[in-house]
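Labels for the chains are A, B, C and D, by order of writing; each one numbers its residues from 1.
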Amino acid sequence: MKPVQHIKIGRGMKISELVKQMENSGVMGAGRIAKATEIMGRMFNDKDCKIFFGVAGAMVPGGMKELIIDVLKTERVAAFVTTGANLVHDLIEALGNRHYQGSADVDDKKLHKMGIDRIYNAFMKNEVYAGLEKFFKSHYEEIRHFTKINDFLWKLGSLVPAAAKDSILKVCYENKIPIFCPGIADSGIGLMMWGNIAAGKHCDLQAFADMDDIISLAWKSKKNGILYVGGGLPKNYIQQALQFSKGASYGVQLTADLPQWGGSSGAELREGISWGKMNEKGKFIDVYGDATITLPLVWAAVKDKISSSALLSPKPSLGSLMKSDRRKG
Amino acid sequence: MKPVQHIKIGRGMKISELVKQMENSGVMGAGRIAKATEIMGRMFNDKDCKIFFGVAGAMVPGGMKELIIDVLKTERVAAFVTTGANLVHDLIEALGNRHYQGSADVDDKKLHKMGIDRIYNAFMKNEVYAGLEKFFKSHYEEIRHFTKINDFLWKLGSLVPAAAKDSILKVCYENKIPIFCPGIADSGIGLMMWGNIAAGKHCDLQAFADMDDIISLAWKSKKNGILYVGGGLPKNYIQQALQFSKGASYGVQLTADLPQWGGSSGAELREGISWGKMNEKGKFIDVYGDATITLPLVWAAVKDKISSSALLSPKPSLGSLMKSDRRKG
Amino acid sequence: MKPVQHIKIGRGMKISELVKQMENSGVMGAGRIAKATEIMGRMFNDKDCKIFFGVAGAMVPGGMKELIIDVLKTERVAAFVTTGANLVHDLIEALGNRHYQGSADVDDKKLHKMGIDRIYNAFMKNEVYAGLEKFFKSHYEEIRHFTKINDFLWKLGSLVPAAAKDSILKVCYENKIPIFCPGIADSGIGLMMWGNIAAGKHCDLQAFADMDDIISLAWKSKKNGILYVGGGLPKNYIQQALQFSKGASYGVQLTADLPQWGGSSGAELREGISWGKMNEKGKFIDVYGDATITLPLVWAAVKDKISSSALLSPKPSLGSLMKSDRRKG
Amino acid sequence: MKPVQHIKIGRGMKISELVKQMENSGVMGAGRIAKATEIMGRMFNDKDCKIFFGVAGAMVPGGMKELIIDVLKTERVAAFVTTGANLVHDLIEALGNRHYQGSADVDDKKLHKMGIDRIYNAFMKNEVYAGLEKFFKSHYEEIRHFTKINDFLWKLGSLVPAAAKDSILKVCYENKIPIFCPGIADSGIGLMMWGNIAAGKHCDLQAFADMDDIISLAWKSKKNGILYVGGGLPKNYIQQALQFSKGASYGVQLTADLPQWGGSSGAELREGISWGKMNEKGKFIDVYGDATITLPLVWAAVKDKISSSALLSPKPSLGSLMKSDRRKG
């Protein structure tokens, strides 16, 4: 048995040093952080591994956009699965708007009168929807004829104004990273599309058209890795695809949900072994806690572990984009 | 200020008596249970109120199917929004299979070898998928030409074998209760459809085709009420539609998620006031805890409060079904 | 494998009927409620079993006083272990004051100005401390010469005004139920004693004097049962004593804490097997959730299961009280 | 309104840089971490501030011993309040034993047979109690005549073998930091004392003898600061003492408990304003999550903020120890 070594904190300490200390303690949440870092280090360094990256929760209003982009920009992410909400908040920022540092101890009636929408302690001006509406109206003809949600989202990414320095949609588009968002109707993007559809202009997006891509990815890969930030539909949709693989070889989930309630969001990765979603020999860990704390901590330590070859190679020319060869596994 | 009166327990006590005691204590979780009961009583008795019922989490494997059907069978539920998972587990049972009482303290590798899929401490034989596959294959021509997910799900409901005594899909079909399931691709139902689509047979289901129905419902109703079991996409999709209403007049959510993590699932209903999803004068309450405990408790007490007129009127003839006049609000 | 049978709710339903339904579903939180009821039914009916009842959390401000008294009044409770806070809130009510139904969404600065102390959404007038002070001052000579905390608390119970209809302290005194409260200094009772000690009047209470009683109880009993409402010091103190027994034969804990954080409060009862606190063949269950919901529900169902012999026999004459023969096991 | 700036992660990043980024994002858990760091930075740099440091939960088995010692060694900690469990686990290590990295997914019956006690996923050999017993037996005459628990614990600290490099008890003793542990009976230390008391050798420790010291400290200080790791008795005991102060000027709590359950452990620091425990103008923050993650992260960032004058001045000569002038405020 390895002894629990107590964590020592020095001045000017690096994150990777702290995580090394957590590896030496090896128990409770600290031990989980260390194990998540170790597994992620392996999975991002393993050239045979396709990583499925699922993100739920208010991660863009929560300040995690750049970090998500950073993960996406590694070469390893083969599929990005997220909620419509994170994409619409990304687009809102890409169109020049911001989220603000607010408070949850407020009078929501006052906020309503001021035209401020609350996302826990993040605020957003309701007027951002006017900008969204204009964007979707002006580009509607360009975006309504896709059948795959992924192609539609890539197109949105291509339309993000050049002024937008950073955007998840744009980065996925530019780097040919498939975006799966089966619940896209449940978002401001859905609403904007509905507004135009309701005005009589049909949209071709189909409900099941993207499924083959994610399942093929899982099926054809030598090895799969999973990184879940939150649960929800992104996690479950990836888990579903993994049933058609040998089971994930690596798995890390960072979640504030818990297994005791019985739902998919909080389910232990171990449970996936029974289903064949996780490989029996896979390495995995569940990290419980607020992902706006655990994700930056783990990712910073992982970055110090992954080789430069795992970081994004030069951007492909845009001409090659719609071939979407990457997502074919 | 009303004093906290201590809860007294008698022998042979009725649930409504217990909840009355909880009303008299009025604080902590007990107070929330009582308030949820009171608000639900009002909302199910209010003939002007259209109820949006959102259900996430493993509620069918968790033994809540009959209870969900019971709620659906009241006249008040104008929209049922759920995850694909709950529908597929409903269908699995409708096709003659069962879920089983298992344990979370097990060796998942052994379960995998035995062909048992684990959902926390509920077990399911993996062979249920063979039955599903057969069902979808034999009915594929009948189900692939819908554009609305709701119509598709109603059709599934109509195809449920007569032998199936109880089924959510069937009850929604028979009672013309719109089912919204924007994340349907993320479920065994999605997988079964994919299997047929991948074999070259196109399916017409569209991603945004159901949005107008739920938004119109919210918009046209005199009053709206919300009942959330869990969060996730069902809650958020209803919240989104409510932005086009005067804001819900009544709201009850039963959830094991918490607001502190910042996501939509755990967000307090109060937050919805800032967005206009909840009416400023609306009555609402958040009940924190395992919904397999809180939902039966609250619903039993609510049933004792709601008038028979709130219970389902005679089933409409099936011929009138596809007119779907009910969901037009 | 037993199938999950779905919970059915009828009108005018009894709690024991609901819990029977939960037994038939058998999974998630509902299954835990049913199992807790079954185990508690056995343990309260088992004449060989001494029950250790631990209560933490704001249970008196939370409206659970009568219910706690109801449990105490069964013949089976051999030891009551609680926090100083619950005892002082009991005493506050015994002296004629009340707790009030408040709100957590308030301005605490305003409450402070109004002289109202907040306990989540329960309110208490700060002036109650004047009554406490008077009570302790007037009785100080009678209470300062005990060495055991239990004897001291029984004495307090004997001094509770006759007008106080219900009081935990009084019921424990009258029924010779040992009260263990090792953290008594951490409470308003402690403060009141300090006030008098600081005025130069020594108090004889000793820190370790009660340990022999609780350990002897655990050691000498044929069988032990545990019922934990919340964790904290009450749970841990009982667990400690059980190390000197054959391990508890029955165990139920109702807690909002969770094992994942590694602490004693949320630890699964199963963990106690490794320590010998829980017997290897013991029956036990952990119920996660707000105890102001789960405790009334479980206790109501248990009451329908326990025989009248488990309910309190005629009160002993007060003269026999201080012999404290009962707690000797 | 300050915009949410997204967290950027660089290679070789320092913890203080990460926390600076969290300050810029300013929302959800990340915002809380940053605010905790800022408030702790101020409170440890404020020479007028006496810090009350409360530690609950399995922090020593959880690998936090060195970190706790690091906090204690600053000049600012005026009172250390903890559970008996943390002190006994400290003493166990001081006597040459270790905790080990184990697992929670184990058969506790096997552990029991192997003589291993489980603390979530930390293991401990049960034989450590033999060492404890020997220690207490050999030193019993030296330790049994204290009346204050603090003096008793300091004496234990003085008896820690020289070979023990690091020990909380020893550091508190050597640096004259008062240790308050009102629940000391609820611990292995209590058990060891009981063993000797039961053999007929009286111990003089009194239940209320330490109260005057902690209340005086709170009362006499110009300013008070609070740092809570977990809740339980340590938090509540400090909160109680603060009622006799102007209310804490600074407050940080790191806890996995939550306010919704109504108990003291999870209560927001804001609640303390109503009681006068927290000053109306005080700066405070609640950080929700596993303290073995949040504490190292926050403390590392705080260390980079606090001046060397806040770090321990040269150790006082042991001769001056028992004067305990420091704790007199």
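Just so it is clear, a residue touches a chain if its C-beta (ideal position, glycine included) is under 8 Å from a C-beta of that chain, and two chains touch if they have at least 3 such contacts.
Just so it is clear, the model here is predicted, and its values are computed rather than measured.
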item: A-C compared against C-D, more contacting pairs; value: C-D
item: From chain D, the most remote chain by mean C-alpha position; value: B
item: Centroid spacing, where centroids are CA-atom means, of chain A and chain D in whole angstrom; value: 37
item: Euclidean distance of C-alpha centroids - chain A vs chain C, Å; value: 46
item: Between chain D and chain C, distance of the C-alpha-averaged centres to the nearest whole Å; value: 27
item: Set of chain C residues in contact with two or more other chains; value: 27-29, 58, 61-62, 105, 120-122, 258, 260-262, 270, 288, 290-292
item: Partner chain B, residues of chain C touching it in the complex; value: 1-16, 18, 21-22, 24-33, 58, 61-67, 70, 98-102, 105, 120-123, 166, 270, 288-294, 296-297, 299-300, 303-304
item: Of chain C, residues touching chain A in the complex; value: 27-29, 105, 258, 260-262, 288
item: Touching residues (chain side chain A, partner chain B) in the complex; value: 56-58, 61-62, 83, 85, 104, 108-109, 111-112, 116-122, 126, 149, 182-187, 190-191, 193-194, 197-198, 203-208, 210-212, 215, 230, 232-233, 236-237, 240, 256-265, 267, 270-276, 280, 290-292
